[in-house]
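Note that chain A is present in both complexes that follow, paired respectively with chain B and with chain C.
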Partner chain A sequence: MRLSTRKLLDRSFTGVGLFSILLMGLALLFILGPIFSKGVGALVFRQTVEHRRFLLDKLQRGSPKNLADEVRQVQEARQPVYADIAALDDKITSGPRAERRQYRQYQEPLNELKKLVRELLGPLPGESVPLITTEQYGQTRWDRAEKKAQQILFIEEYDYSDPTKMGVRILKPRVEQFRGTPVEPLFDYLNQHLEEMLRPRWTFYAGFLFDMPFDSYMLGGIWPSILGTFYLTLGAMLLAAPLGIVAAVYFVEYGDENFLSSQLFSLIPRGKSTPESSDSLRDRAFKIAVQAERNMVSMLRICVSTLAGVPSIVFGLFGLAFLIQTIHLSETKSVLAGSATLALLILPTIIRASEEAIRSVPHSYREAAVGLGAGKWRTIWTVILPAALPGILTGTIISMGRAAGETAPIIFTAAVSLGTPLSPLQALSQPTPALPWSIYVLSTEHAALDQIRHVQYGMVFVLILLVLGLNFTAILLRARIARKLRG
Partner chain B sequence: MQATLEQPIAMQAPVSYRVDASSATSVRSESTGKAVIAAENFFIYYGTHAAVREVTIQIPPGKVTAIIGPSGCGKSTFLRAINRMNDLIPSCHTAGLLSLDGVDIYAPRLDVVSLRQRVGMVFQKPNPFPKSIFDNIAYGPRLFGVRNRRVLQEIVEKSLRRAALWDEVKDRLDANALGFSGGQQQRLCIARALAVNPEVLLMDEPASALDPRSTARIEDLIGELRGAYTIVIVTHNMQQAARVSDHTAFFYEGELVEFGATRKLFTKPEKKATEDYITGRFG
Partner chain C sequence: MKDANRKNPESALMMGEGASHMKRLGALAGHGVLLSVTSLSAVAVLFIFYFVFRDALPFFKEAGRLSEFFTGVNWYPSAREPHFGSLPIILGSVLVTVGAILFSAPLGLAAALCLSDVLSFSTRQIVKPIIEMLAAIPSVAYGFFALVVMAPLFQNEGGKILAGFCSLICFPLLFLLVMVLGDLLSTWIQRDRIRLLTRIILSSGIGIPGLVALGVLVHRISQIQISSGTNALNASIILGIMALPTIVSVSEDALSAVGRDLREGSYAMGATRVETLFKVIVPAAGSGILAAVLLGLMRAVGETMVVWMAAGNAAHIPQPWYNLLEPVRTLTATIAGDMGETEIGSAHYHLLFAMGLLLLSFSFLSNLVSEWAVRRSKAKSA
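After this line comes the complex of A and B, so read on.
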């Protein structure tokens, strides 16, 4: 091949490599960008006075005196709105008969308006306090409040007159329904004085992470889900890491050396007292045992590989069928059962990573330890495992990230949509909400999907931060320990 | 031909091994004794291939014995058999007798751990653990149950002094051993082997991975340890064998061809093969 051709090939190869890296980076940005920007919105947003009221009432946060002042001011600003509504209400219900008949047509639009105003500002004056927490307050977030105000100002309609096209959205000013009534000025006033009525203020709401949810995530935070994910991940790691590491040690240090059969046959004396024939019988038996052990080890290896390829939903079903219904690890779904299922899921990864790490420990370390008189176990414990630690830790932490994000295995074994934060003891027997499952529920099955977009994004954001954080920890730990080992 | 051989032997003058008499005796008094290694009709097999055949040798105690021979002649295999390092290789097994002070090394009931405590080993490539200097030296004593920090400190200092490394590392005992030079690492490995107070020290080409300067230091060290330990050293370097050893064994194709006093073997070899090898006709 000519030099120029080789150079061209080389350059195009580099180019393709660069291009694919760039493409991957862009895709990552494309995915993570919106999640981060919108997810942050769950924590940092403009809170309205309604949010402050909620915090004080339900969570005793904030100063009652300041809030009382504020509430007085917003009530003043809201007064004209309430007055207009009351005036029309009055005309419909308690005016002279002729007037009542004339205004009856406004009953329905007024009810609609009252409902929207309630949603925006909270219960109207004189109404009893609603039972549902969400209805006790108006819009707590300024972005939602602005949307709600738009709904008050305009009626959204779709024009389906042209059958060949999708419905065309039309915004009709709601004020037209109320021409000539006392409510007519309300709309202009609302449009201009919305800020004074809600007093939005930038805030960092850390409670999104650490508060209980109210009314299925309409208000409050996502603490039970975060705690549940924490328990599940930690439990999975506590169960899987020791098992995985021990299995890896067996595969590398014992599996290839006929450990079991050697141990077994060392119990049978070879002594001179036994006749010649029985010794050869012993040798033959030993050979069979060695072969059996080899077959077993390669079977085990195949099993581990297969386990790594099993779809996660199958693990979930296994957890339900075996852990819960057969051996009754817990009577219902529980964190324990979920952790055990996740542990099974990440076990192959941990075994593989640990195996690699242990295999890559230089043989000279083994020789040095054995040469000094260390037995097999001491060699493994004092030399090989410490030297393999960076690799083992990396594998373990990365599989923790995997366990934190898995949904399918916990559907049947651990996750519920709503629940309280559990104590570690309760975790043995009770189910918990967990981030991946809550994300699914909130984005598909929630009654008011579009009102809790910020919670959906916030949860995804927290989950991704959690997983990225774990991976980052793995990288740091690995670098640290590797530096220490390198000297 | 003889003249070229005179050179290395001349270098073996006592000048290069001027051992401080007092320190030598103190070392000697601590060592529990100098063990005799004896092989009788000893075979080592890898699977069915005999790597060492029919070796009969008696390695004198308290002396430095060099094993020379071309690559693949079984000299390392034989050396490793003395503290049963070959146990790490599953297909390896032995026949015949190899004994330490009259005790069969391959007896089924033998405690391998205490054997390896009596017979220390230094490997071709320096192989300190990725731990601190202190932990490296203390590894052996800890294995045998020494827990007291003060005792360990004493052992570490004594071992490092014996390995002529103390002055270089005394301020950096907590530093990772892998941060030191190859020569220092190899002396550290020697100190580590000495820390369990062995009677025999096996060295498998201890200087082959080192530069000439470090090699010289290792050789000096061997000279200093002479008398206190039974030292068996495998080397490719015939000058080195001539410089450091009292006795030399020549292995060829798995068999012991000739064994005798170094001076005699290098000047008046009895066997033709030995002469051919040391004069550089092959190998």
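After this line comes the complex of A and C, so read on.
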């Protein structure tokens, strides 16, 4: 091959490498971009007067006097809409007979219109207060309200006339249905005065994090899920961290050094008279013991790495079959069972991180401790563990992030789609909603998927922020403690 | 001190010969506690195997179930006469995983090579957090993204997106192929001017038909209509992205474990960077790269939420069987989705555990292989 071709190949490979790295960055942006930008919308959005009404009624937040003023103004602005609808209603139900017959054809479209107006502005005047919370209020978010207004103004239809292609969306003005009726001016009015009817205002709704959900997340916040995730993560860490750190200490400090066999054999006195035969027997036994211990330690290592490779859903199966159905840790799903399952999942991560941290403690520390007369235990407690702490903490916090985001292990062991916040004691025996599971339920099984997109995005946003925040904390912590130890 | 231990294992004792028996016994007891706590986490693995196996076994007790499980194509687990043909589901898992690896292994390897041999230290410090963030994003967030953002995109603009990616990959490849072939085929000619002429003729002779063929192919692809945005391809791409961090970081470790001396030797022989990488470094780090791909594979096979949300959950074999554009159902998604609907102790319930056992065995085997590969690469580079 000529040199120029070789150089071309070389450069193009560099290009491929750079491209793949660029692609990873783009993938990250492409994934986080929509989630962040739309997720913020769950917290910061233009709330309408209906949202303020909801907050005051259900959560006693806001000033009643201001709201009363506002509601009065809003009602004034809405009056023409209600009046138009009432006028047509009158003509259909109580006009002269000929007129009633003439207007009967408007019954169906009017009912449809009333339903939509109810969804936009809340119950019509004179109607009884609905039982379902969501139906007591109109649209609480301005972006949803605009969509709903669009639905009132236009009828959405699909054109399937061309069978080779997918249906084409057509918007037909709804006003066509009501030509020549008292409702006709409603549409123009609605289009122009929507803002006065709902009075949107930018707001930061922190309650999204700390309020109870109403009507399966149609209104309110996501507090039970956040609390559930908090319990599960904390429980998993409390269970896994001690076990993982002890195992790491064992692997580093004892696993490599044939500790067990040498201790055992030091208890057997060496033959004083040194007849060659007996001592060599002892030596041979010692060698076998050392080999056996080595095998045992490497078996343990293989077990840990196998545990790291077990698919997360299998952890869920195990939690169901063992924790709940065999040893009855709790009667049904519970936070405790879920935490235990998650603890198993993150155990290998903690062991590996801690092992690495302990291994990276300089050997001179150990020598100094031994030189000062400290025993093995004391060396580990007072010298090695404190020095390895930053690394151990980092590993533990990162695996907490992993536990917070895992869904598959908690499906059968801890998570329910709806529930109340639990007290720590209840957490031992009761299931809880948790962020990852709620995201799944809301984005696939919820009855009104499209209407709660902002809640779905908000939840994903909170979860990612939580996980990335934990990772970030871990990195900061490591840097800080490392600086402290050095200084 | 460590080296001294190696030579005479018995001197590992920190206590002198004169220490009392009581003290030794205490150390032993402490050691026993540590050992038992450590083996607790190892025992967990055995427990997982035992309990999944125990609940999977009753499914196979009935005659013919084993062959139905692996070869049957009818999946009606809750019918009055239930059929448990899981071949479509196993195939779904394989399809999605292979798709993910086909996408992420070359990309990951290229990125790892770039990280270990091309980029400067400061650039690497920027790239590392990107990889860590990709690894940290929870799977349900990936699933949500696949379902809410990717699926509509595929459904509406699927053909164009596919065609775009195809041309992005194929046109540069064609260009390179033409250049290299033209060069290789004309080397036997001695005289410079004739050789150049031959090269140009050969290159255009291969290149122009190639271009036309590619153009037709891309046009064909852009006409494809994807009927469902939640399909195997969607899940594969997301799984590939999820497997990337594992593949990149493990294979980068393997690549940097190959010493400087090999690289410098190769450069001294006059090799270019890409020749050094592919003829020296990659073969030397081969087993480490194998381990990386296997670990990525395990991540993709065991992933639940993404495939559950974005693969479509249709338990039938795609037509033709390798068609990534059709919805599929995977083992993990079946376990997650069906467990809530089955009666505990029914055949369906045990079947789900059998699927879990299949997953578990697969991940155990590939884990062993990757362990072995890592150990081998360490032994080689040491």
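By our rule, the second predicted complex is superposed on the first by the 429 of 487 C-alpha atoms of A that agree within 3 Å, B and C clash if a C-alpha of one lies under 4 Å from a C-alpha of the other, contacts with A are read in each partner's own complex, and residues count from 1 in each chain.
By our rule, a residue touches a chain if its C-beta (ideal position, glycine included) is under 8 Å from a C-beta of that chain, and two chains touch if they have at least 3 such contacts.
Quantities reported herein were computed from a predicted structural model and do not represent experimental measurements.
Looking at the shared chain after the overlay, A:302 reaches chain C, while chain B stays out of its contact range. By the touch criterion defined above, A:375 lies against chain B and chain C together after alignment on the C-alpha atoms of chain A.
Applying the stated contact rule after C-alpha superposition, one finds that A:2 touches chain C and leaves chain B untouched.
A simple residue count on chain A separates chain B from chain C, and the partner touching more is C. Contact with chain B, but none with chain C, is seen for A:387 once the two complexes are overlaid on the shared chain. Of the two partner chains, neither chain B nor chain C is touched by A:68.
In the superposition on chain A, A:365 makes contact with chain B only, not with chain C. Once the two complexes are overlaid on the shared chain, A:171 sits clear of chain B and of chain C alike. When the two complexes are overlaid on their common chain A, residue A:440 makes contact with chain C while staying clear of chain B. Of the two partner chains placed by superposition, only chain C is touched by A:20; chain B is not. In the superposition on the C-alpha atoms of chain A, the part of chain A touched by chain B in one complex and by chain C in the other spans residues 257-258, 366-367, 370, 375. Taken together, the chain A residues at the contact with chain B in this complex read 256-258, 270, 362, 364-375, 378, 382-383, 386-387, 484-487. Those residues of chain C that touch chain A in the complex are listed here as 1-2, 5, 9-10, 12-15, 21, 24-25, 27-28, 30-31, 34-35, 37-48, 51-52, 54-55, 107-108, 110-111, 113-115, 118-119, 127, 130-134, 136-145, 147-149, 172, 176, 179-180, 183-184, 187, 225, 241, 244, 248, 272-275, 277, 295, 298, 301-305, 308-309, 332, 335-336, 339-340, 344, 352-353, 356, 359-360, 363-364, 366-368, 371. Residues of chain B touching chain A in their complex: 83, 85, 87-88, 90, 108, 112-117, 120-121, 123, 125, 127-131, 139-140, 143-144, 175-180, 189, 192-193, 196. Listed in rising order, the residues of chain A touching chain C in the complex are 1-2, 5-10, 12-14, 16-21, 23-25, 27-28, 31-32, 34-35, 166, 243-244, 246-247, 249-251, 254, 257-267, 286, 290, 299-300, 302-318, 320-322, 325-326, 344, 347-348, 351, 363, 366-367, 370, 375-377, 379, 398, 401-402, 404-408, 411-412, 436-437, 439-440, 443-444, 453, 456, 460, 463-464, 467-468, 471.
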